[in-house]
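Just dropping this structure here.
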Amino acid sequence: MTLLDVDAVDAYYGESHILRDLSMTVEEGEICALLGRNGAGKTTTLRSIAGAKPPAVRDGSIRFKGDDITGMPADDVAMQGISLVPEERRVFANLTVEENLQIAEVSRNASNTWRRHLTTTGTSMSTEQVYEDFPRLRERKTQKAGTLSGGEQQMLAIARALKQSTDLLLLDEPYEGLAPKIVEDVEAAIERISEQGVTILLVEQNAAAAIKIADRAYVVDQGQVVFDGTADELRDDDETRERYLGV
Amino acid sequence: MSDEPAPASESEADTGTVSEMIGIWAPRGNEVRVVAGTAVVLALFPFAFARMPVVSDLLQGYQSLATLILIWGIFALGFDLLLGYTGLLSFGHAAFWGSAAYTAGIFSQNVSGSPILMMVAGTAFAVLLAWVLGFLSLRRGGIYFAILTLAFAQMMFYMSSSPLAFLTGGENGFTDVETGELFGTFALESDLPAVLGTLMGTWLYAFVAVITLLCVALGYRILHSPYGMVFRAIRENEQRAEFVGLNVWRYRLMSFILSGLFAGIAGSLFVIHGTYVPLASLYWTTSGEVVIMTVLGGTGSLFGPIVGAGVYLYVENIVSGGHPFDFIAPFWHLILGLVFVVTIWVFPRGLWGFFRDVRDAITGGEN
Amino acid sequence: MSFHIEAITVLLNGLQQGAIYILLAVGLSIILGTLKFVNFAHGALYLIGTYAGLLLALEVNLTSGQLQEWGFSQLGLGLGYIPALLIVPVVVFVVGLAMERFVVEPFKDRPDTDQILVTFGLAIIVQELFRAFFGSSSLPFSQPAWAQGPPQVPFLTAIPISSWRYYVIGITAVLVLIVYILVEFTDFGLVVRAGTRDPEMVELLGIRLSRPYIVVFGIGAALAGVAGVVGGPLNPVNPTIGNEILVPAFLTVVIGGVGSIAGAVLGGVLFGLTQAILVATYSAWAQVGLYAIAAIILLVRPQGLLGEAEVAP
Amino acid sequence: SGGGGGGGGDGGGSEYPELGNYPIEGDTATLGFNVPQSGPYASEGEDELRAYELAVEHLNNGGGWVDSQFDDLSGDGVLDYQIDSVSGDTATDADTARQSASRMIQRDDVIMVSGGSSSAVAIAVQELCQREKTLFMACLTHSNETTGANCVRYGFREMFNAYMTGQALAPVVQEEYGSDLQFYQLYADYSWGQTQQESMNQFLTETAGWEQVDSVATPLGTSDYSSYLSEASNSGADVLVLNHYGLDGATSASQAVDAGLDEDMEILVPLYNRPMAEAAGGAIEGIFGTVAWDSQIDNTPSQEFLQAFRDEYDRTPSGPAQLAYAQTLQYAAAVERAGTFYPPEVIRQLEGLEYDNIGMGPETMRACDHQAQRDVPVVRGLPESEQSEGQYFEIINVTSRDELGYACDAGPAAECELGEYGDE
Amino acid sequence: MALLETDGLVKEFGGLVATDDVNLSVEEDERVSIIGPNGAGKSTLVNLITRRLDPTAGDIRFKGESIVNRDPHEVVQMGISKSFQTASIFSELTVRENAEIAALAAEHGSFGFKFLEHRDSLTEVHQVATDTLDAVGLLGQAERQAAELPYGDKRRLEIGIALAAEPDLLLMDEPTAGMSPEETEATVDLVEEVKRELGLTFVLIEHDMEIVFRVSDRIVVLNRGRVIAEGTPDEIRGNPEVQEAYLGGVDL
């Protein structure tokens, strides 16, 4: 079943036209990769889906579980079951690891949900589960997130997203700046999450790493989809890889 | 160029020949037009405001208010150099206005009543003070700067209210001002000869108008010197300005001192005009007034603040005085507050900006 | 009189004066820290608190102003002080909510000079409205009879400080503690602290940040309101009190460090004590000394006593 | 119709040269009333304005003292001129007051300015009036300097000063509280407070035989006096003198009472005014002080004024209202006697004037410093329950002018130099 | 003599050592690239050199002179210019004014009492500004407000400002980040051209390996604040430690 349907979206930063008529879909349960070079528009796509502004979506529609979420504020989108792990991780440096995790839970408090139309059905992990999946975080529970290493911060950012009621996890370059060994840990974590039934849209510049775990892939260039197919097809399509991914 | 030590290029200007000096002073661009236009307006203003049949009846103006408007106009013009161009909001400019006023007053009592010397004394003190206070408060921008300047000015207020009362007259204000004659010959209160008298009224007005004209010319020059550009650059992107090799801190200090200079000129004129220094001239409400005037008229423009000063003083002195505004007179403060807020909200560029927008709309943006 | 009584008197006076500053500064500071909004109209909230308190607690004779001209020579509910203390924070909280919605929201993304200017204008408007309605003369707002004179407790009777001032210190301590706990140990505080650093990320987690923000503003406003009720009977009550108290309150925030509750408390205590000590020693220099100390602190530690240094981006 | 003035109807428009706003154009003479209409003393200013308007009304149409006390006045204008008035707002701020006065003088061509409610304002405005050669009839101003160091030829003061307050209060409080007491003073740290404090010290020491423990300055406009009051309380003195004017006085007195100081100490507030009493409420109960005038003063002029004011406004006039009314009529009468509005002549009429028609007994407007030599009412604050609109004090004593004052070369007058008439 | 030298440079943030004993030297006329994973300390190094950050220990010498006690603007005056990671321009000024500001600082020092001199009389400043705008291809848009420029042109202007300061050493922190491939291409060409014409030395920080390997004479690899390798592009390509730490097995 189609979980996310991005249909002919045009997005702008101010007057610069970034996404041009971009369409893509994500099926329930899969790991879908969104690839492209530096500045191709991958982050912009994720931000448009998550409702973060800027960019401004001026045309086209984004549907999630059949509901139109185009132009919906970011906090509402998140409550529909879409979690974004943004570039550069964005953990709250002044809060402890524990508090960083707890804040994701706060979104379910009555003070936050009161008089909002919400339809989350997604799974959300308990803190205990999260610590089991990321034992390093348990060790660092009372440490301020700002003092964590890059890999630990990435773990924390993913863990935090999982503690939301997530149906669709948007990951923006989760391997960026991570040592290869830690990249493997994160990879394993993503696969584990996927097995638990969370749909994943993974953005990467590093095509090789993404293809390794993805079921399907899109390649964007200058805000347009230039390839659409399974991971295997992309692996075999040397021309696309060379032209748009520089590999 | 850049491998030469910086001071070398600075000293070039200092050792410039006479012809270079003249070159510097030669008017350029629109300068002549702006100054001449200002001169005409200044010459006609008191007549239209206080004496011209019909018009003055409508306006209900009077001579000394015309003078006062110019004086505050100079103050606001200088304030705008700081707020409108460098982007620094000071809540302590009363310190310069007030201290210049006290200095000029005390100077007149003890040294000389010559209006020009009084002005020099008052302005010199204000500039010195601006240098010291600027040095101390310019470490941070935004709210910190606003609060620091406010704190220093309040400190000066309390200084002159009690510990220095023997000098300043404390709450009574400084009443011993002894203004002499202009150039030793012309009594400031007496009327100008012939048609000039009809147009401009007193020597005092003429004196203030000439100073105002000089201030406008100076302001125009500053804005069209490298400073104007640098100030705007600093306001917009301080860090970048630093990284093209500009000494941001010194430029800021300079804009602070320059605006202190204008405040000092205005404060001195205020004493010459009023022969009295109220203690409130150092109080933070005086700083607040110049903020309101500047913003009302329009920040980031040369004439906006002067217009703002005019509007403010008009409301304060004429609307508040009843007839023909009896209806709203008691609420003039409230009205000013409302106008002020509406201006910030709807016309962030002030009345002057609004006029220009209207003009542009009519002329289709030409000119 | 013995030196220690005098010392304790000075200390208590300092604390009490500091308490009013603290109530205002804590509100200003959390608003500045979280919403990044510079509220020069905070004094207006204090003003509203004072008048609301006065009119709830007592019945006053109006001697000037429009209301009196319209025939309200006596105004007020006369409910007494305790009800006023309970109702005023609620009233001012609501005023704060409205202000957040209609003033702060539209100016959130404008430069802080614009925020200062618009709230400065607003402060004038509020002051002038009060002037128009209630007149500019001071209204009598006496301390409640049960809080006049020194408390009838052994030892304290010897100290010439009215009980009301002890209550002020007590109320302030309790309220600041509550706010501190709220911010440091609750989910609400968690969101607020996170939002201080990265508001967009908080929203990406599904949290409607405008809700905690408006509450923060409301709490700040309510604290100012409380300061108004408890401070009202200690000072003359007229329309200018709001703007007059704004200056020291802001100084307190800035010397304490923006965004820091502990800083605001420290700043307020320091301010109050400095004032009390200077009055007891070199009284003519008390005001000058106050501002001088503020200036010195800011020159030595521009981020304030407990403020965090600005991190270069 | 300028002909009216030129026709000699004014008793000599052509006799005198132009000076200030003389000669008057047209057939209406305008008076400028410069009172606080906003700011802390607005209520007092409003009351003054009522009295001024009442005076103008009586000058033009008769009534009040015009009919009964001032023989020089006709009740049909002054010297064939109808009297008109403009008012201005001083906001109790010297600078605002000067701007307002200068507008009246320049634009509205007023021939006389009256007003006040604070010494700083009065001094600032009378200095301007001297320069503009326009008469200034001071209303409420109590500083020694108004007719001392800052006196001017064009200014006249009916109100007494701090010095006389000290003289009037000392014997009364000595009688009430006894001798051999120690007193502690707080005073507003500006010229009025300082001179008031000096005068109190002088007379409480000399006349009452008390001893000053300490005298402490408080900044003007202090809103919390608790620290100062604690110091005073801890000093062990028997009497606390609060030399604070108006609101500052209300504040310090209330706070003193709130802190329980009145239980161990007697409190004095040398100068009362109405806004202060209103703001202080019950705190002034039993506190001695002086006032300009009070409606309870039992003599014919006082009661006539009270009646006229009540008839017109249905309220009790304050002390400053009496001053305002008296000063306006005093000026008009002087014009009538001079036969011209020409200021130097009017001034000469007022200088040395002996009168007994404004409800304060026989008085002299002294020529050497333009200070009225008059009686001073000493009052005591009423408990809140007995206070009513316009009534806040009980009169204890009206100290005779014979026991007050100082010679022309003594006290504040020693520093007075009046300046020019303008026709020298 | 090396144009720029760092000597045992250390920068700590709290417990974190962002720059760890870095000894770098850049010869005149050399093109050096600094690469390394995110958080390796590249930007920190640049910030230390431009004096935006104070080093915890060590020395930085430019033209043989220590600059650790200088203010940022003095360092620029000495000839070190920097282009920013994001387009850092004066958006309310015109394009020409943007360039003029930089030229003014270069021609007239960091500060001058020239507030009575009309801008029109500063001919040499105009000339430098015009030349620079020409060089970065923005002369045609000189009178436009900088805010109106398309993003790519803003980045060009950003580089233009850095060039108008007439530097001897240009530090570029990710100059092509967020550019489209064509823009990247154009920027690289621009840099190369400027390099050829003005003969300036530059230090480039870049994640885009294609560019790095194309334009560098020498590459320095940072990881966790330390220099882990240094050499010609070819040497770096074959260095296994670099492969492991950064290139992550991507076949180049």
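Letters are used for the chains, namely A, B, C, D and E, taken in the order the chains are written, and counting of residues starts over at 1 for each.
We adopt the following convention: a residue touches a chain if its C-beta (ideal position, glycine included) is under 8 Å from a C-beta of that chain, and two chains touch if they have at least 3 such contacts.
Labels paired with UniProt names: A = ABC transporter ATP-binding protein; B, C = Branched-chain amino acid ABC transporter permease; E = Probable branched-chain amino acid transport ATP-binding protein LivG.
Everything quoted here is computed from the prediction, not taken from an experiment.
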{"item": "Shared chain contacts [chain A and chain B, defined touch]", "value": "C, E"}
{"item": "Chain located farthest away, centre of chain E as origin (C-alpha)", "value": "D"}
{"item": "Contact-richer chain pair [B-E vs B-D]", "value": "B-E"}
{"item": "Chain whose Cα centroid lies at the greatest distance from that of chain A", "value": "D"}
{"item": "For chain A paired with chain C, centre-to-centre distance based on mean C-alpha positions, whole Å", "value": "44"}
{"item": "Inter-centroid spacing, chain E versus chain D (mean Cα positions, whole Å)", "value": "75"}
{"item": "Gap in Å, rounded to a whole number, between the CA centres of chain D and chain C", "value": "38"}
{"item": "Euclidean distance of C-alpha centroids - chain B vs chain C, Å", "value": "34"}
{"item": "Residues of chain C engaged with two or more neighbouring chains", "value": "131, 284, 287"}
{"item": "Of all residues in chain E, the ones touching two or more other chains", "value": "none"}
{"item": "Per-residue multi-chain contacts in chain A, two or more chains", "value": "none"}
{"item": "In the complex, chain C residues that touch chain A", "value": "187-188, 190-191, 193-194, 196-198, 200-209, 211"}
{"item": "List of chain C residues in touch with chain B within their complex", "value": "32, 38, 106, 111-114, 116-118, 120-122, 124-125, 127-129, 131-132, 247, 250-251, 254, 258, 284-285, 287-288, 291-292, 294-295, 298-299, 302"}
{"item": "Chain E-facing residues of chain B, complex", "value": "1-3, 6-10, 13, 23-25, 28-29, 31, 218, 221-222, 224-230, 232-233, 236-237, 239-248, 250-251, 254, 258"}
{"item": "Residue ranges of chain E in contact with chain B within the complex", "value": "50, 63, 71-74, 76-79, 81-82, 84, 88-93, 97, 100-102, 104-122, 125, 161-162, 164-168"}
{"item": "Chain A contact footprint on chain E (complex, rising order)", "value": "14-16, 37-39, 150-151, 176-181, 184, 207-208, 210, 244-245, 248-251"}
